[in-house]
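In what comes next, chain A is part of two complexes: it sits with chain B in the first one and with chain C in the second one.
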Partner chain A sequence: MTAEAHKLPLGQRLFPRRQHDRIGSKVLFVLTLIPMILLIAITVALVIKTLPLLREYSLASLLGGTEWKPLKGLFGYLPFISATLWVTILALVIAVPPSLLTAIYLSEYASKPLRSVMKPILDLLAAIPSVIYGVWGMLVIVPWVQNKVIPFANSFPNGFPLLNTDNPTGFGILSGAIVLAVMVAPFIVAVTNEVLTAVPEGIRHASLAVGATRLQTIQRVLIPSTRQGMFASVVLGFSRAMGETMAVLMVVGNVVQMPGSILDAAYPLPALIANNYGEMMSIPMYDSALMGAALILLVMVLILNIASTLILRRLMGRVRRAW
Partner chain B sequence: MMNDTHIEIRNLNAYYERNQQALINVNLKIPHRQITVIMGPSGCGKTTLLKTFNRFLELTDGARITGEVLIDGENIYDPDKDVTEIRKKTGLLAQRPYMLPMSIYENVAYGLRIHGAKHGKELDQAVQHYLEIAGLWDEVKDRLNSPATSLSIGQQQRVCLARGLAVEPEILLGDEPTSALDPISAANIEARLLDLKEDYTIVVVTHTLRQAKRLGDYAIFMYLGEVVEAGPAKEVFEHPKEERTIGYLSGQF
Partner chain C sequence: MKHWRFKRRHISEAIVKFFMLLSFLLVAASLISILWTILSKGLPALSWEMVSQTPKGGYYLGKEGGILNAIVGSLLLAGGATLIALVISLPIALFLETYVMKTRWARYVRLTMDILWGIPSIVYGAFGFTLMLSLGMRASLLGGIIVLALLEIPIMTRAMDEVIRLVPEELSHASLALGASKLETALKVTIRQMMPGIITATLLAFGRGIGDAASVLFTAGYTDRIPTSLSSPTASLPLAIYFQLGTPYPEVQQRAYASALILTLIVLAVSLGSRLISARLSKYINK
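And now, the complex of A and B:
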């Protein structure tokens, strides 16, 4: 046998290999485009479905209307939009301070063993199906609100701002917000923690080296340099909370009204769509009106997401350039 | 106290995670108001040793030490010692400069603000004074309020120097402080250190033998966590006693 016999015929494979590579990259490119196409397709479909409604009613009357009586042809979205905002904002008020502090503790103080236990736990919390949070809300939070919070609120003879209600059930904005807060907290902790750990150790050392305490370093160096990132993580949490459907729907009461108190029942946009789509579809415009609700929700969530992504990207870019 | 001992290290052992020993029974006396250079190949423990002087080692997860480090005769690892006071006493120049996310002025004023209220004129004067000492004043006096990150890396290292000096330390620690700098900036920093040794005890970890020779009054050679040889720089460089020092100085490792 000659030495030649052991050589592989390399030249023969070169052409097909290159072609494979080209085809492969095209296939992957198309696959990568799918999310973008989906996003556009969903938005366009919702707009088309909403068009009949928009032809009949002015945008102002839809967004500003407080009456939702499909049988009478009244489609005012304001109760749903404001319910969404009430629940979401209250959830953030509850969730944000402890989440930010937890993130700061985990990244700045916690020992390695604690961090390596807490991170998976937070990930697990974020992975629990939302219907389970809903059940937990019905079993624990709603009775707590009903038996503790409402009697407390009623103990003020002249009432208390944001706590007055004639809803005795415990199903309402506060319950929804508490459940939602527990759901978005792990997410805010994770994003904030990531932002903090992106700050190089050397920055902390520069502060500690002149005799600053850890707390001073956090207050004067870390928070100022991650403020935008923390803000973005809150906005991301906001957009998540806004779209959350199942758990909120189960505890929020689902009454169409303009809420005046955190103990009132309310009807957020996702619950409206989830509860009603597919029923009573013979009512004129009803289908279109529910699609309109979906479109409003989508636009609200998209705006928040895009804004926070831009903030985070700019911040991270700056972090990388500066340090 | 000229030529007296400023930092004394007694039976110092340092360990990282999984009991990996980084310093083995180190005993040293670092002289007052001189430049001490710590040399040795990568991984010999020189940076670890430096970090024990301002208690930075405890910032590393799982790191621990046994033994004593005495500054002015007091063990800085004593349980009732305030770590922030120790760090105030020991300025640090890191391998590369890290600017705090604020202006040039605020970077220098940072330590002063941390340690109490100095305001207005007094603070302005202090900032100017330390920027002058760091040899940076003329370059930045018109842009004190620009972000410190807008400076070149060589200028940033001098901001670090001014920031460290502003809290009036007695000791300056340099962890390869010129390794990230261009030659001109590096020479500038070296010149500062030579100026400053009249007032400060300076300890510099260095990778470059030539720098060690240029700066050192007192030299320490380390290898695999042990101090192999320590003494007046002249003696160590010209008449090394230990086989391993001779090997290092002749470029064998």
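And now, the complex of A and C:
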């Protein structure tokens, strides 16, 4: 033993490995603080940046205002908030029924080979970058809306509810919603599938054994016991869709207005931030207003996210998740 | 009567099954449509010049050049970010499993990860940009790497946390029973068993990082040159696609499609690669 070793405390000299363990656990513990610090830092930074705006304008005038004219000092978020809601809700209306049906089909009916083919397909859909979905939307969905849906909508002499528009381009809420729907569908399928797989086999067997068909088992046994989980997976998809930037930005038209129909162009919150941040820093309050948009988006997403996560957690405990 | 009811429930079963199959085909068809669109539009415009040169003067007007700047930029951004994220995520995942397991603290950390995971990348981008402004940083490779790393940490940690639970408890019990400390068990036993999962998680995060545009939009900037240092602005593939698509010239738009094809190929290769590697490695793992 060297001279230095004698200077160490007795415990450390006798049990250096235990000491390493103690130090190691402390270092690792500090690392787990990073995510919490990050979450708090993001929220605090956005709030601080928005404060100058909140001092000048009332919250009601910001959230309820329909005029967005930074040069005149008018910052109404309502067109952006409603655009975000229109696009996201329509996307879910399109995506949820096929997604839930696909998930049920995969977990209850599909053969093993089909299931093993579908898993990589869902993984690939989830892996494709959003800008690629945007390119696809511009090349396939926008022309389809322009050449098929808009003439169809205009063929009604008195107009059709939610389909009236004077926007002839095809860039609009419907295009954005279709692209978003394709983006969130694999996600909803994966989560729902996971929830369904967590239901014990025995319950299905019991139902089938007393003479129920597969469908009756699904209706009376599986859906009631997984209703919450399905709901949570839809809410999680909703929050994903809400924050999606690039794909939507490329096909939604980006016109500041209160949308009146699903064929109108709109300007969702993420697009507002992406298109304007980093430029117009000379206009007073503009950067504060854009940070405010990020804050609104964050709050909307956090509420949905925390709610759905808590539901899923309670439902599945530490069951592993696939997404 | 009995006969009729018997029939009815079988008919409804068939109808519902038909709709399920239809939805399933719809989901599969949309993937095929995306891949086909990108392939058929991108392939004709793809050339060796595209991937081997940086943009020359007048590139965005249809003159010659390529997008090597964006390819290199994207690889550097996503590579650097994935490295940082790995250094932070792996210890967190190990700590959660080895030391705290099912305690309240572990639950909080996991909940935070789930919440962070759901935050849109544009919010990360805006946050990163404010942070950089207050530190006096300009849009740069380093800024982009840091913001992307923040985005990737929750993705990677969650993916690792999933696989780490699949490591049989008996193995770590055996290690502890032989007198190894928890740290030694984590570093010498658990981590080896996790290897396929670590690789999958890392590649998953890399794929997400390389495809993300909203977070690097303000933080990494854009330039026609290949970055030479951490402080130089850096181009990225998603933004290259977006900017080229925004020009009114058909030649440049063609190149956007080719760039989209390149990005898709990289992402698909990463995704397939992670599958192959983890399948290969999992042979050597105790189940």
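In the analysis below, the second predicted complex is superposed on the first by the 302 of 323 C-alpha atoms of A that agree within 3 Å, B and C clash if a C-alpha of one lies under 4 Å from a C-alpha of the other, contacts with A are read in each partner's own complex, and residues count from 1 in each chain.
We take it that a contact is a pair of C-beta atoms (placed from the backbone, for glycine too) under 8 Å apart; a residue touches a chain by one contact, two chains touch by 3 or more.
Just so it is clear, the structure is predicted and the values come from calculations on it, not from any experiment.
Undergrad: Which partner chains sit in contact with A:Val210 here, chain B, chain C, both or neither? Use first/second/both/neither.
TA: Only chain B is touched by A:Val210; chain C is not.
Undergrad: Does chain B (first) or chain C (second) touch A:Val221, or do both, or does neither?
TA: Once the two structures are laid over each other on A, A:Val221 reaches chain B alone.
Undergrad: Could you tell me if A:Leu101 is touching chain B, chain C, both of them or neither one (first, second, both, neither)?
TA: So A:Leu101 only meets chain C here.
Undergrad: After superposition on the shared chain, which partner residues are touched by A:Leu290: those of chain B (first), chain C (second), both, or neither?
TA: second
Undergrad: Thinking of the overlay built on chain A, is A:Pro16 touched by chain B (first), by chain C (second), by both, or by neither?
TA: A:Pro16: touches no partner chain.
Undergrad: So which one touches more of the residues on chain A, chain B or chain C?
TA: Counting residues of chain A touched by each partner, the higher count goes to C.
Undergrad: Touching A:Pro200 in the superposition: chain B (first), chain C (second), both, neither?
TA: It touches chain B, and chain C stays clear.
Undergrad: Return the residues of chain A at which the contacts from chain B and from chain C coincide.
TA: 213, 216, 322
Undergrad: If you look only at chain A, which of its residues touch chain C in the complex?
TA: Per the touch definition, chain A meets chain C at residues 17-18, 20-21, 24-25, 27-29, 31-32, 34-36, 38-39, 41-42, 45-46, 49, 97-99, 101-102, 104-106, 109-110, 118, 120-125, 127-136, 138-140, 182, 185-186, 189, 213-216, 236, 239-240, 242-246, 250, 270, 273-274, 277-278, 290-291, 294, 297-298, 301-302, 304-306, 309-310, 313, 318, 320-322.
Undergrad: If you look only at chain A, which of its residues touch chain B in the complex?
TA: 111-112, 200-213, 216, 220-221, 224-225, 322-323
Undergrad: Quick check on the complex: what are the chain C residues that touch chain A?
TA: So the residues of chain C in touch with chain A come to 9-10, 12-13, 16-17, 19-24, 26-28, 30-31, 33-34, 37-38, 41, 88, 91-92, 94-96, 99, 102, 105, 108-109, 111-116, 118-127, 129-131, 139, 150, 153-154, 157-158, 162, 165-166, 181-184, 186, 204, 207-208, 210-214, 217-218, 238, 241-242, 245, 256-257, 260, 263-264, 267-268, 270-271, 275.
Undergrad: Across the complex, what residues on chain B touch chain A?
TA: Against chain A, the touching part of chain B is residues 54, 56, 59, 61-62, 84-85, 87-88, 90-92, 94, 96, 98-102, 110-111, 113-115, 149, 160, 163-164, 166-167.
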